[in-house]
Structure formats: C-alpha cells, structure tokens
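Pasting the structures here.
Each of the next two complexes has chain A plus one more chain, namely chain B in the first and chain C in the second.
What follows is the complex of A and B.
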C-alpha cells in the first residue's frame, strides 16, 4: 500500500480519520500509533521488528543520557574543588557520549547492514580478489528486503538522540511518544524527516482538523496525487525507454531524457510529500515542507536548501556543523591560517565538512557508486564555485553586469537548472558507465530531427500524453511561481468563498481521475524516493 | 451532548455541507462517466480489444455457443471451424490477459444480446490475479465507469471514438496465426508450479459464471486449451475437483481423455503457449464433434 494508492486514500486514511474523531482526545495519540503500526505491517510485514527495536533502543538511550546528565549535575554540584568538578563533568560527558554512541551505532548500524551490507561485502570480495587471498565464505548478491521508511526514521532517531545529548531538550519519558514520532504513518514512505521538538507536542495533542483545515489537507493531498498520477507516472514509460536503451539516442534526445526525468522526479517526490502533509493535516499535524520552488534557485547551494529541505537541514545540523567544529577541522583551520593566504585559507577548512555532507547526501540515496558520485558531483560544483568566486566577481565587474540584477539572476537560474539536470541524468542512469556514455552521446547527435520526427512518441507515451504533461507542468509552474512571490497554496484556494474552494477541488479531482496514468494499460509506478 | 438535545446549528450546517459536497462529487463522477463511456467498450485489461463485444453485432439469439477466456482460448477455439464441422454458430470473446472478473462480466453482458445453449469457459485465467484488490477495482469500474474508460479522452480528442462498425471480425473473435515455433520441452504436465489453488475470488467468479448460465438455461463447460507453458497436473486436479463438486463438465485438452491430436512440433506459434491455426483447427474440430455428440448442439456432417 503506497500513499498514492486507492487503498490508502479511499480506505485506510478515511477510516483512520473517522475513528480518530471518535476516540477520546487523550487517547488519540495511542490510536494514531496503533494505526501507524497497522500501516507499517501492511507495507512491510515482519520487517516492522526493525522499527520496534530502533524505537526501544533510541528511547532507552535518550532516557539514559538524560539520567546520566541529571546525576552528573548533582555530583558536580557536590564537588568541593574546581579540579574535582572538572573531572566529574568529564566523566559524565564520557558516559553520555557512550550512550549516544550505543544508540547511534544500533540505529545507524542496522541501516548500514541492511542497505549497504551487500555493497560492502562485494567491495571486500573485490579487494580480496585483488590481493589474491582465498575466499572464506561465499558472497551473496541477493537484495535484502528493507522495512518501509528505514532511511527516514533512522535519521529521525539519530536527530532525537543527538538533540537530547546536546541538551536541546529533555529526553521524553514516554515510550509511546517516541514511538509515534518514529512511526507516524504519513511520513514513513518518503518523509519529510521530522524533528522531535517540532512534532512531539502536535502528535500528543489529539487535535482534529475541521472545516477549512480539513479541506486544506484534502486539497493538498489531491494536488499531490495530481502531480504524481498525471505528470510523474505518465512520463515513466518514456523516461524508462530513454535511459534503458540510451544507446539508441543521441544529442537532443539525451537533453530530453534529463529534462523529463527531472520533471518526473520533482512531480513524484513533491507529489507524495504533498499527500503526506495533506494526510497529516487531517490529524491536526503540520509536517515540515520539503520543497520550496527548487527550480527558482540561483546556485546549487540554494537548490539544496529548496530541494528535499528536511534532508538538507538534517545534514547541516548533524554532519556539517559537527565536522566543522570537530578537532581535526579546527586543527586544519589553524594550520591553514598559518600557512595559506587568501581564498585557499578560507577554502581548506571548509573542504572537510563539505566533503562529508555531499558524500553523505550521495550515499544516503543508495548502495551504488553512482550515488556517491552524485554527491561528489555537487561537492565539485560547490568547491569550484568557491575557488573561482573572486574570478566571477572580477568578470561581472569587467562586463558591467550587476550580479544581483535581473539579467544575471535569470542566467543564474538557467545555469543552475542545467547543472541540476545533468546531476539528475547521473542519478537516474543505470550506473556510472551509462551516465558517461549518455554524456558522451550528447554531442554526437545532429540537429533536432529525432525530436521532431515523433519516433520517441511510440514508447508508451504518445503526443496526447505529452500534451497533458505540458499543461499540467505549466500549472505546477504557475503554482510554484505564486509561492515564490509569497502567495501560498492556502491563500490561492481558500479565502475566496466556498463556491471557489469547491470548484477548485472538483476540477482537481476531475483532472486527476480523467488524466491520471492508472488502470488498464498502465503499470503501477512505485514512489521513487520510497526506494531509498 | 445531552440526550435528546439537537445537533448545534453549526454542526448541522457542516453536515449539510458535507452531504452537498458529496453529492457534487457523485454528480461530477456521473458526468465524467457519461462523457468517457464509449458506444462500444474498447478496452480489456489495457489492450484495445473491441472485438470481444462482437456478439452485439450478430443477429439476436443467433449463437449456439459462446467462448470466453484469455489468449489461450482466443487462439484455440475457431468459430469458423465449428461452423463447418457441425454447423455450430459461435463467437469467441477471449482476449489477451483477460481476467476472470472480466470474463464473468462480459458473459453476463452477452446474455443481454444472445441466448447460447453452451458457454465454454477456458479456465486458464482463473489462476491469474484473482485477488481482493482486483475484485474491488473491477466492481469500482462497473459502478464508476470513468475509472475504466478515463483514457478515452485521447480518442475523444483524436476523433476516433469507437462506434462499433469494425468490432465484428470475420474470424468471429478467433486470433488466427500461421507461425510455427515448436515446443520441445517434453512432458509439461508433471511440472510443479506455485499458485495451483482456487482463491476465494476465483471461486466467486466461477460461481458467478455458473449462476448466470443457469439463469439463462445455458450449460457451462470448463475447458483447458493446450498450453505447455502454463498448464500442468496440479492445475488440472484443482479444476477437475471443482468441476466434480459442482456437477460441471471439464474438458482438458492437455490430457489423453481429450486428445485432439496436437503435434507440438507444428501446432504452436510460440513454443507451446498458444496454438497456431493448424492446432486450433484440430481442437475446434474435436470440440464441435463432441458438442454435437454429447450436448446436441449442431450436427456432425457425414464428411
């Protein structure tokens, strides 16, 4: 059962919502937890055991950190000398760190073993072969089944543990609250990656959406379904053809492949996120947004602050800052200030943290070299941008163009879009060698005749499909443009009277039902990010 | 809320608004269904197959035998051969990947136009996709036709809405192929396969077929077309047991009891999954003769 399936939207969600309203307010959080586990059982079966184990370990370790801190404070206050107090605090910190490590290793270790175990074993086996060592055991390349949402709830668990360790908030004594934070069903498939301090009160509040909030939740979910079914799923056969048989396509067709996949991924991912957020609104819970008009970005840094925002902020708070403030980085900064000057002095310390973030960004997506390369691609762009920043400034000054002017900003948006599309080709290609081959064939095609002869419209996506995709994409762009100019979805639809609200809702529903890529002749397309 | 107290006015207002919106949704779905519902239903399981409704275009009550199933049956039973052997008038409404749900639905609709004495159902599709999900989706599509025919917006835009003129093919639904790709795998009936059981919904569809045939005085006969890729003893036993429990005749052309003389070296067009015209002629001749001799349908000519 996926968030975009009728089983979820027409059965599970309405039944859960209706029963939720009937349950006494103080028990609603427990009901929500129960239904979340039912959802996960339906999706993953016995693999739910991994989530249960992670929940208990995370809760216990966080509670332990809190207790050690509290006891440590009491002991430190009883210390007679400064030296004694310092030693006491160091001991407390050491114990807290041990508990954090225990929880992190348990949570992260499970993810690493399940998701990357095969790749690690293959790598070790390749190294063994290289060194000419005998094999101790057979390496299986069979894919291990992953429980739904493991990549998402693991990050949530780590953020909770780390925040408790840092003293951002107290550990939660209620196992149920921590369990609901990790298992809340709308966010299991593709996120967004939540933070405990933002969600826990909402999850326990037992609020129910009524009136306009309920309508907003339903319309947001419908808008997400429209993007998924009308755009993303309708493009799937053609994108699959262009990437699977890339050897048959050159030049402008490679450009088309990049453009269409970028569009498919955005419609799919943002669509399912909208369904998740719309569903959560019904229970009075506001999940963090995950997209903020990413294709209006002026550089790749900004793009990643607008695309998969919750992953970006997680990596910033739990990878970038810790690496930047770590002892090795501080030593490197000190060394750079002593031995380097100018741009190099600023760049060298930043390199470590950026490398860690972008490597993590790539690896998080999957156990394949191409994903690591994807992360390093952005690392390279960012580093080149930093290295050549003085030259760019000099260039703009020389040609007399203001960098914050309209022309320069529009050029920056176009440039960023091109860089993103290239990254998407790497992301979607079967492997790195296919990506290299596709990039190589980009310049071997002649003219736009492959595009105009219509032969590409015979692979499951015809001219009518493309017509609808174009119209739907224009609508998505219009909504994004409105958001970029400060007019929200809520403002667009609500506040203009019931007749307008209902008209928009019914038009959206009709368009999804008529133009959606479902039913006879279509294969069900799984959500792309659910696979990560 | 105290017992006997009325629903607050704002609560009543919300309930009324809810009903009003629901009513509008129903109206919109009905309108969309009316717009997209074709004069001749054009799809079956995603494949453009208006020919499965060809019985609508034949003279009313002119059919002796109606054949239904998936591509196995579509390539096995040739109405033209049955006509020439025993004078049987028949139509084959089988189609590739046709599900048991669609077979039952089409058979039911057929009785609005025809009144055959015998319905022949090739049960190869009873082991395919008989889940609760498919059942619910099929029912939903019957109640809200736009869910099945929504893609007809393409035909409406292109101006190629099917009006029924070419739904009646000269082969009366039979899929004629002359290719020869031999099957060389030897004994296939003793191969094991998973899924050799009748699920809850499979039994529902079989009961549905029995009921609709009984209501119209038709005899339901189950058959298994020669199929070296998908048929085996386990599936035969499941169907044979069901047929015996329910007093149905079952003809399995993969067994010696119903040996139509299939030669796997020359009678298959794709290595054993479907028969070509040579194989279909043999089975259709056997079937037409059997119907005439055992069910009093048609008469076997002296030649």
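What follows is the complex of A and C.
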C-alpha cells in the first residue's frame, strides 16, 4: 500500500479519519499510533520490528540523558568548590555523551547495516582481493529488505536524541508520544522529516480538521495525487526507456532524458509529500513543507534550501553546524586566519563541513557509488562557486551587468536549472559509467532529428501522453509561480466560498481520474523516494 | 545602544562588506545570512568576544539582527 494507491486513499485514510473522530479526544493519539502500526505492518510486515526497537532505544536513551543531566545538576549544586563543580559537570557530560552515542549507534547502526551492509562487505571483499588475502566468508550480494521509512525515521530519532542532549527540550516521558513521532503514517513513505518540538504537541492534541481545514487537507492530497498520477507516472515508461537503453539515444535525447526525469522526480516526490501533508491535516497535524518552488533558484545553494527542505535543514543542524563548530574545525579556522587571507581564509574552514554535508546528502540516498558522486558533484559546484566568487563579481562589474538585475537573475535561474538537470541524470543513471557515457554522447552531432522524428514516442509514452504532461506541467508551473509571488494554494482556493472550493476540488479530482496513468495498460509506479 | 551591539554592527560590516546589514531585522529569513555566512560570522564573533557558540545557539532568532546577535553574545559572556 502506498500513499498514492486506492487502498490508502479510498479505504485506509477515510476509515482512519472517521474512526478518529469517534474516539474520545484524549485517546486519539493512541488510536493514531495503532493505525500507524497497522499501516506499517501492511507495508513492511515483520520488518516493523526494527522501528519498534529503534523507538524503545531512542526513548530510553533520551530519558536516560535527561535523568543524568538532572542528577548532575543536583550534584554540581552541592559541590563546595569551582574545581569540584567543574569535575562534576565533566563527569555528567561524559555520561550524557555515552547515552547519546549508545542511542545514535543503535539507530544509525541499524540503518547502516541494512542499507549499506552489502556495499561495505563488497568493498571489504574487493580490498581483500587487492591484498591477496584468503576469503574468510562468502559475500552475499542479495538485497536486504528495508522497513518502510527507515531512512526518514532514523533521522527523526537522531534529531530527537541530539536535541535532548543539547538541552533544547526535556526528554519525553511518554513512550507512546515518541513512538507516534517516529511512526506517524503519512510521513513514513517519503517524509517530510519532522522535528519533535514541532510535532509532539500536535500529535497528542487529538484535534480533528473540520470545515475549510478538512477541505484544504483533502485538496492538497488531491493536488499531490494529480502531480503523481498525471505527470510522474505518465512519464515513467519513457524515462525508463531513455535511461535503460541510453546507448540508443544521443545528443538532444540525453537532454530530453534529463529534463523529463527532473520533471518526473519533482512531480513524484512533491506529489507524495502533498498527499502526506494533506492526509496529516485531516488529523489536525501540520507537517513541514518539503519544497518551495525549487526551480526558481538562482544557485545550487538556494536550490537545496528549496528542494527536500527538511533533509537540508536536518543536515544543516546536525552535520554542518556541529562539524563547523567542532574543535578540529575551530583549530583549522584559527590557522586559516593566521596564515591565509581573502577568500581562502573564509573557504578553508568551511570545506570540511561542506564535504561532510554533501557526502551525507549523497550517501543518504543509497548504497551506490553514483549517489556519493551525486553529493560530491554538488560539493564541487558549491566550492567552485565560492572560490571564483571574487572573479564573478569582477566579471559582472566589467560587463556592466547588475547581479541583482532582472537579466542576471534570469540567467542565474537558467544556469541553476541546467546544473540541477545534469545532477538528475547522474542520480537516475544505472551507475556512474552510464552517466559518463550519456554525458559523453551529448555532443555526438546527431542534431535534433531524433527528437522531431517522433520515434521516442513509441515506448509507453505517446503524443497524447506528452500533451497531457505538457498541460499538467504548465498548471504545476503556474501554481509554483503564484507561490513564488506570495500567493499560496490556500489563498488561491479558499476564502471564495464553499461552492468555489468544491468546484476546484472536483475539477482536480476529475482531471486526476480521467488523465491519471493507472489501470489497464499502466504499471503501478512506486514512489521514487520511498526506495531511499 | 550598547557597546556590544556597536561591535556586532562593525563585525557585520567587516564580514559582509558588500551589504549593509546593520539595520536589518530579518537577516536569516530574508536570506541575507545563510548557514555558510553564519559560520563565518560565528568565527568573527568568537574571536572578538572570546565566547564559544554551539550548534544549539545557531537559530534564526539568535541571528535575526545586530540586536539579537548582541543579546546572544551578552548571554554567552555571562555563562
């Protein structure tokens, strides 16, 4: 069962919502937890055991950290001298750190073993071969089944543990609340990655969406379904063909592959996120947005502040800042200030943190070299941008073009879009060598005839499909443009009377039912990010 | 206006010579300061005031304006 399936949208979600309204308010959170586990059981079966174990370990370690801190404060206040107090605090900190490490290793370790174990073993085996050592065991290349949402709930668990350790908020005594935070069913498939302090009160509140909030939730989910079924799933056969048989396509067809996959991924990922957020609204819960019109970005830094926003902010708060403010980086910063000047002085300290962030970005997506390369691709672009920033400024000054002017900003948006599409080709390609081959064939000199002869419209996506995709994409772009100009989806639809709201909702639903790529002749397309 | 705030304004001017951020009150939400430039600013603040800024202090509220940055500095100096 996926969020875009009829089983979820026509059975599970409505039944859960109706029963939720009937349950007494103070018990609604427990009911949501129960239904979340039912959802996960239906999706992952006995693999739910991993989530249950992670939940207990996270809750217990966080509670332990809180208790150690509290007892440590009491002991420190009873100390007679400054030295004694300092020693007491150091001991407390050490014990808190040990509990944080225990929880983090348990949570992260499970993810690493399940998701990357195969790759690690293959790497070790390759090293063993290189060194000419005998094999101690046979390396299995079988894929391990992952429980749904493990990459998402693990990050949520780590953020909760770290926040409690940092003293941002107290550890939660209720195992049930922590369990619901990690298991809340709308966010299990593709996120968004939530934060405990933003979600916990909402999850426990037992609120039910009524009136326009319920309508908004339903319409947001409809909009997400429209993007997923009408655009993303309709493009899937053609994108699959262009990437699987890339040797048959050169030049302009590689450009087409990059453009179509970028569109497919955006429609798929943002579509499922809208379904998740719309579903959560029905239960009075507002999940964080994950996209903010990413293709209006002026550089890749901005793109990653607008694309998969909750992953970006997680990496900023739990990787970038900790690495930047760590002791080795501070020492490096101090050294850079003494021995370097200008841009180099600023760049050297940031390099470590940026490398950590972009490596993590790549690796989080999957156990393959291409994903690491994907992260390092963006690291390289960001670093080159920083290194050449003074030269860019001088260049714009020389040609008399204002960098914040309309022309320069539009060029920047176009340039960023090209860079993102190249990254998407790497992301989608079967492996790095396929990506290199595809990029190499860009300048094969075949002209635009492969595009205009229409032969590419015989692989599961025909002219009618492309017409629908184009019209739907124009609609998505129009909505994004309205958002970029400060007019929200809610403002567009709501506040103009119930009749208007219902008309928009029914039109959207009808368009999805009529033009969605499902049923006979179509293959069910799993959500792309659910696989990460 | 406190001395700390004056110093913070000087540091903002020195760290971001191409921008006038001294009177801005939405430095993070407006995009004037992103995570990269926040780290550069942190380095300057730590050097100037002899404080240690932790990841927990890296919030949009603390870095919203020269005034809030100065308040953060004052608090950390007392800790």
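Keep in mind that, in the parts below, the second predicted complex is superposed on the first by the 531 of 532 C-alpha atoms of A that agree within 3 Å, B and C clash if a C-alpha of one lies under 4 Å from a C-alpha of the other, contacts with A are read in each partner's own complex, and residues count from 1 in each chain.
Keep this in mind: a contact is a pair of C-beta atoms (placed from the backbone, for glycine too) under 8 Å apart; a residue touches a chain by one contact, two chains touch by 3 or more.
These numbers were taken from a predicted model, which means no experiment stands behind them.
After overlaying the two complexes on the shared chain, residue contacts for A:207 are found with neither chain B nor chain C.
In the superposition on chain A, contact is made by A:320 with chain C only, not with chain B.
Once the two complexes are laid over each other on the shared chain, residue contacts for A:506 go to chain B alone; chain C is not touched.
Of the two partner chains placed by the overlay, only chain C lies in contact with A:350; chain B stays clear of it. Contacts of A:167 after superposition: chain C is touched, whereas chain B is not reached.
Contacts of A:516 after superposition on the shared chain: chain B is touched, whereas chain C is not.
When the two complexes are overlaid on their common chain A, residue A:122 makes contact with neither chain B nor chain C.
Which of chain B and chain C touches more residues of chain A: that partner is C. Residues 166-168, 301-302, 305, 316-318, 320-322, 324-325, 330, 333, 337, 346, 349-350, 353-354, 386, 393 of chain A are the ones that touch chain C when the two sit in their complex.
Residue ranges on chain B touching chain A, taken from their complex, read 14, 17, 21, 24-25, 28-29, 32, 36, 43-47, 133, 137, 140-141, 146-148, 150-151, 153-154, 157-158. Across the interface of their complex, chain B is touched by residues 6-7, 210-211, 462, 464, 498, 502, 506, 509-510, 513-516, 519-522 of chain A. For chain C in complex with chain A, the touching residues are 18, 31, 34-36, 39-40, 42-43, 46-47, 53-56, 58.
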